[in-house]
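Naming follows writing order (A, B, C and D), and every chain is counted from residue 1.
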Amino acid sequence: MNAQPTPAEAATGIPAGVFCAQDYEALAAKALAGATMAYIAGGAGRDQTLDANRAAFGQWSIWPRLLRDVGAGHTRLSLGGPALAHPLLLAPVAFQTLVHPRGEIETARAAHATETCMLASTLSSFRLEDIASAGGPTRWFQLYFQPSRDATLALVRRAEAAGYGALVVTLDAPIQPASLRALRAGFRMPADCVPANLAGLPAAPATAEPGDSRIFQGMMRTAPGWDDFDWLRAQTRLPVWVKGVMHPDDAAQFVQRGAAGLVVSNHGGRSLDGAPASLRALPAVRARVGKGTPVLFDGGIRCGEDVFKAMALGADAVLIGRLQVYALAVAGALGVAHMLKLLREELEACMALAGCATLADIGPDCLLPKPANAESPQRAADADLH
Amino acid sequence: MNAQPTPAEAATGIPAGVFCAQDYEALAAKALAGATMAYIAGGAGRDQTLDANRAAFGQWSIWPRLLRDVGAGHTRLSLGGPALAHPLLLAPVAFQTLVHPRGEIETARAAHATETCMLASTLSSFRLEDIASAGGPTRWFQLYFQPSRDATLALVRRAEAAGYGALVVTLDAPIQPASLRALRAGFRMPADCVPANLAGLPAAPATAEPGDSRIFQGMMRTAPGWDDFDWLRAQTRLPVWVKGVMHPDDAAQFVQRGAAGLVVSNHGGRSLDGAPASLRALPAVRARVGKGTPVLFDGGIRCGEDVFKAMALGADAVLIGRLQVYALAVAGALGVAHMLKLLREELEACMALAGCATLADIGPDCLLPKPANAESPQRAADADLH
Amino acid sequence: MNAQPTPAEAATGIPAGVFCAQDYEALAAKALAGATMAYIAGGAGRDQTLDANRAAFGQWSIWPRLLRDVGAGHTRLSLGGPALAHPLLLAPVAFQTLVHPRGEIETARAAHATETCMLASTLSSFRLEDIASAGGPTRWFQLYFQPSRDATLALVRRAEAAGYGALVVTLDAPIQPASLRALRAGFRMPADCVPANLAGLPAAPATAEPGDSRIFQGMMRTAPGWDDFDWLRAQTRLPVWVKGVMHPDDAAQFVQRGAAGLVVSNHGGRSLDGAPASLRALPAVRARVGKGTPVLFDGGIRCGEDVFKAMALGADAVLIGRLQVYALAVAGALGVAHMLKLLREELEACMALAGCATLADIGPDCLLPKPANAESPQRAADADLH
Amino acid sequence: MNAQPTPAEAATGIPAGVFCAQDYEALAAKALAGATMAYIAGGAGRDQTLDANRAAFGQWSIWPRLLRDVGAGHTRLSLGGPALAHPLLLAPVAFQTLVHPRGEIETARAAHATETCMLASTLSSFRLEDIASAGGPTRWFQLYFQPSRDATLALVRRAEAAGYGALVVTLDAPIQPASLRALRAGFRMPADCVPANLAGLPAAPATAEPGDSRIFQGMMRTAPGWDDFDWLRAQTRLPVWVKGVMHPDDAAQFVQRGAAGLVVSNHGGRSLDGAPASLRALPAVRARVGKGTPVLFDGGIRCGEDVFKAMALGADAVLIGRLQVYALAVAGALGVAHMLKLLREELEACMALAGCATLADIGPDCLLPKPANAESPQRAADADLH
């Protein structure tokens, strides 16, 4: 654990200067060491997919609608299990002690307080059992395939025993290209940031032979395949979601093989640098799988309007990643809970102004694409006047 | 009232450095406190709709035409009532004492001097009767539905009695998300900026119960519905316009229910941040309601070419919001009158060069869309040379 | 005349640091007073059309072609009169003593030395007869309609007598909106910059009555009409070209009424701010008038590739405006001649690499439009690396 | 030779701060004199094609694919000769002693060490025989047509004798317009940078007559034609590739006349400034020549994702130009070898994440075009928050 107290340690309440959920980002940049912030904020490689994730939201406008009755409005939904109070899920984030000494324990408390479904990471700093104890009733477990099926199965059994309601298997990062931003900032993962869940599990086998590719015959040798997915499905009664689906053909394949639901995600821009924006892939995935399969969205959400747009383009709910970490870094459980409250109210205000009383009212006809020539010299001309 | 004299107090004439209507913007930025300017200039949330409003004008070019006879040209029009000298209307702006101690009284005097139709706000710093006395013969009253129909009706009756020629009911801001720019600048509405028209009217009822949504069951509980619009129409012989229409389906509904006309507006980017540019919505609204219904445009106009573009895309006339406030802040009635004169001449010069002798000559065939690849590296390359 | 010697006075040769024709722009910015440079470089209003003129070139790429024999290549052409050595014409520019004490005389000498057709302006600082004497055999006279037909006719007769080979009547600026850039820089036309050709001609009649529009009943009262164009055509045997044509309908009308040729131009962005880029209008004009009518292009040319693109999109030749002034300011006749030589060689090199041996080989199939998504985050990402 | 030791002289290993292949660019900018870096990094004219080459990669995204088995993955390919270990070829680069005293000798050693096919330039600082001795078994010779066929043939015979496996005749730069960036930086080619291969060959004949065009009758007089290409083909049994093909019609013509393969290239933006991005031309060339003709790609590659995109759009392999020079400047043979290793692993990681086990799996369906409105105000808005 990180012995050094974070700024949040001294905090006794909501920090000043937070007017919207995204404001935790700027505060985190001040609270964290530069290299740590670079690691969290950065994406793989040159941040191209990271940037694309954000830019994609700007390609859509939301139609305001008038005089609709939303007095009985709410944000409840079901994803196949117990009803959720709102569609904001806490994305699985590894090694949360990197930003707060009590890491995932604080996050779990915030999830509980805000009726939020939390996805605990295989690579959490605390054991999944401890996270379960700290949090509320709604929790899912994010699973990485381990080098051996025995090790994978051990994690599944523990998650079942600890009352996790679903498994979310992340498949989009068999290789995780480094973040150039983090490397240039000199980031190194602290020695005490270790995956508590994997203690005692066997290490990955030795990699490539001389002459082999460090990538193909090395890192990818133990990468899972479709048979591993089928095997996993057969080992558990828990619903198995898949995280990292971008291509509609993969989406269709997972549905056919019994996935409980899909998470459209490019790992927050932390895997293939050059992958499309998550929001760009979402409509095609939804179109392919139809209405029968729940689809979550992950990638770049910073405000309620972003949530609205993702849902309009096909998502049933969304995962909140970096904002979660920023709020945790700034103010622990209180920060995460506050961030979630702000984000939810931003979503509700957006729904109200768009005339949507429930999540089911949010559809593609709520959006209007920006014209292709939307960036004009007009704004530059205005700038001259000031 | 604001006891502190504004810079305009000492002014004895047209300020130096004003070469076009928009130049009042830069002068206002100097004359006003930073937080006040942020509040006025900013939009809701992240200013996305505010920026889109401006950028939309840059997506269109105006065809110059040669040798057309415009020697008998004029800008007269009718919006169902008495003829107007020109199509520039003063948008309803709340709390004008924020920028000038005599606020709406000065604005009304400028309207009178320039034969301009002024829309007085429900939330004006002065009573609607006082504004009526100060101004010219052409004035409309902007109405916000009050928590009770009795209170709403009281305002209607007073507007009728004071000789307002039309009601313009604003429907696009049942919730008004805060401006992050204003919040960050530390803006707070001064205590003496209060809605003079609402003195004595009952306050809004207590809002949401514990567990309710602060948005849906709180702020939206007393929001008006379609029945309220029908009720209002039945209470008065004044023509009832609707301000804030963006979606063509809403537009059609209002026409069917007897609206006298529509104002395409997104509240100057101060309501739903993420709404399309007003100019983007305008052609669709005009196409839906046909030629029979007058349509006004509001959102981002800073120069005569902007007015021309809005009219070419379907507007019968336009509302001037922020420029009005900037000119008022800088030079009171004289400033507003001067700004209107400049803007009108900018429009007339644009009409002359586009070969349009009357407003009726301004149509979609006067415009050419910018190509989608209009932003090129060329300009950046040029920049290197200087 | 400007008594104060310009930097060019002391110059004894080609200035250092000129590697391409456009380099005269940066040197002029250093040689001229800031306000003067703002007046010359700026466009009407907010420079939107000025910027569009430049940006339009960036929307096209030029196909390189291999192994074509251009060893007999040349740039000769005919525009209905004597053959021209190359398609670069010197645009009519008023008041050239603003930048050089011998103004148009120097320009005429440069035209002579480089076998360039010069268009002398009605508003030249020197008399058209003096310009004729100083220059070479190929010269056209740019005509502004005067308030009276007698005055106009007097100019025509003088141009005929002085051996000008064509009249180019400029019709796109009956009103010339001020340049905000020049106004803000404090530019005023020096008192000694007067139109030598108009000495003794009657002044414009008094303008608008009280209550009249300063634009419609004022400035536009004496603007010419179609009958004036027909009248002019009937007064002279000189070919009458029209400068300022942008809309294809106007173009067709002029051809029908006997114009010898057209100049697609928006007055270098100095007339209607918001007009399309000249290059954007060019293909539509060419398509409308067919191959039978010569079409010149004016607007934003800074290098040989720009000339090539204009010719590929329909121009027979091009006018060079601002570069002419910049070179004149920097180094007088020598500068203008050098600039023309550089520009011609840039064009020839471009032709050679595009496999075009003659101007007739340059056509639309030499170009490729840039894709609409051509501006990418890639370049920004690269920038981070440096 | 350059007597002054470069920074690489003292280097004993991989330089610090290189996290990806492109990082050699920033290090080279520090290691080289400013003018030299400007010459290497710059393109012809205003760098428009140079910039377009880079920007074109940003117009495409790469689909990530899940669970595909790439454990037997590799990057082997054949271009008609012996199998190549990977598709990264070292582009022909002239005068490499400009950046390293042992220039092409070092490059050849790096090629050998990394199983890379090197293309030795006609204009190399060392004799082609010396380069051949220093390098590995796979080398091609880049040929410029000389003023006389005898001189050209002499080079061909020497290349054959030295064991070069193919001729790559470069045809896109009969004129090479100067780089304004290099000129402004004051770059001059050092006197000791001379083409070792051309020692003893006759100089080009005297150029244009008085009155002739310096371009058409001068530089282009000795430019090769289609008959020269046919002649060359007939002189040698080596496969003859053509470098510099952009237009599909030229591509088809070369295939018909027996070219062994094509290199789509605009000379790295160093020839016609205004030519399209190489990546823009590539799909059209591939579509025209079909699958039967090998096509290489050259222009702007900086990372593995760029390689992947070029191959997906039709290339069989790619040439690495500027990165080669940057790495050579920084760390000699070790630098070039390291850069190639990094670039190859970047490609392999990209293939793995895109689910491609072999180069044959990389096709157009691996890519997704960016939407035309991809650049949004969103990112600017985010910037305000930091």
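Convention: contacts are C-beta pairs under 8 Å (C-beta built on N, C-alpha and C of every residue); 3 or more make two chains touch, one makes a residue touch a chain.
Bear in mind the structure is a predicted one, so any value in this text is a computation, not a measurement.
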Chain C on chain D, rotation in degrees - Cα superposition, rounded to nearest 5: 90
Numbering shared by both copies at the chain C-chain B contact, with half separating same from different: different
Maximum centroid distance from chain A, chain identifier (CA atoms): C
Chain centre separation (chain A, chain B; CA means) in Å: 41
Rounded Å distance, chain B centre to chain D centre (Cα mean): 57
Multi-chain contact sites of chain C, meaning residues that touch two or more partners: 46, 48, 51-52, 55, 58, 370-372, 374-375, 377-378, 381
Residue ranges of chain D touching chain A (in the complex, touch as defined): 17, 19-20, 58, 61-75, 303, 305, 308-309, 345-346, 348-354, 357, 368, 370-379, 381-382, 385-386
Touch list for chain A against partner chain D, complex: 22-23, 25-26, 29, 45-46, 48-49, 51-52, 54-59, 171-172, 174-175, 177-178, 180, 183-184, 213-217, 219-221, 223-226, 228-229, 242, 244-247, 250, 266, 271-277, 280, 302, 369-372, 374-375
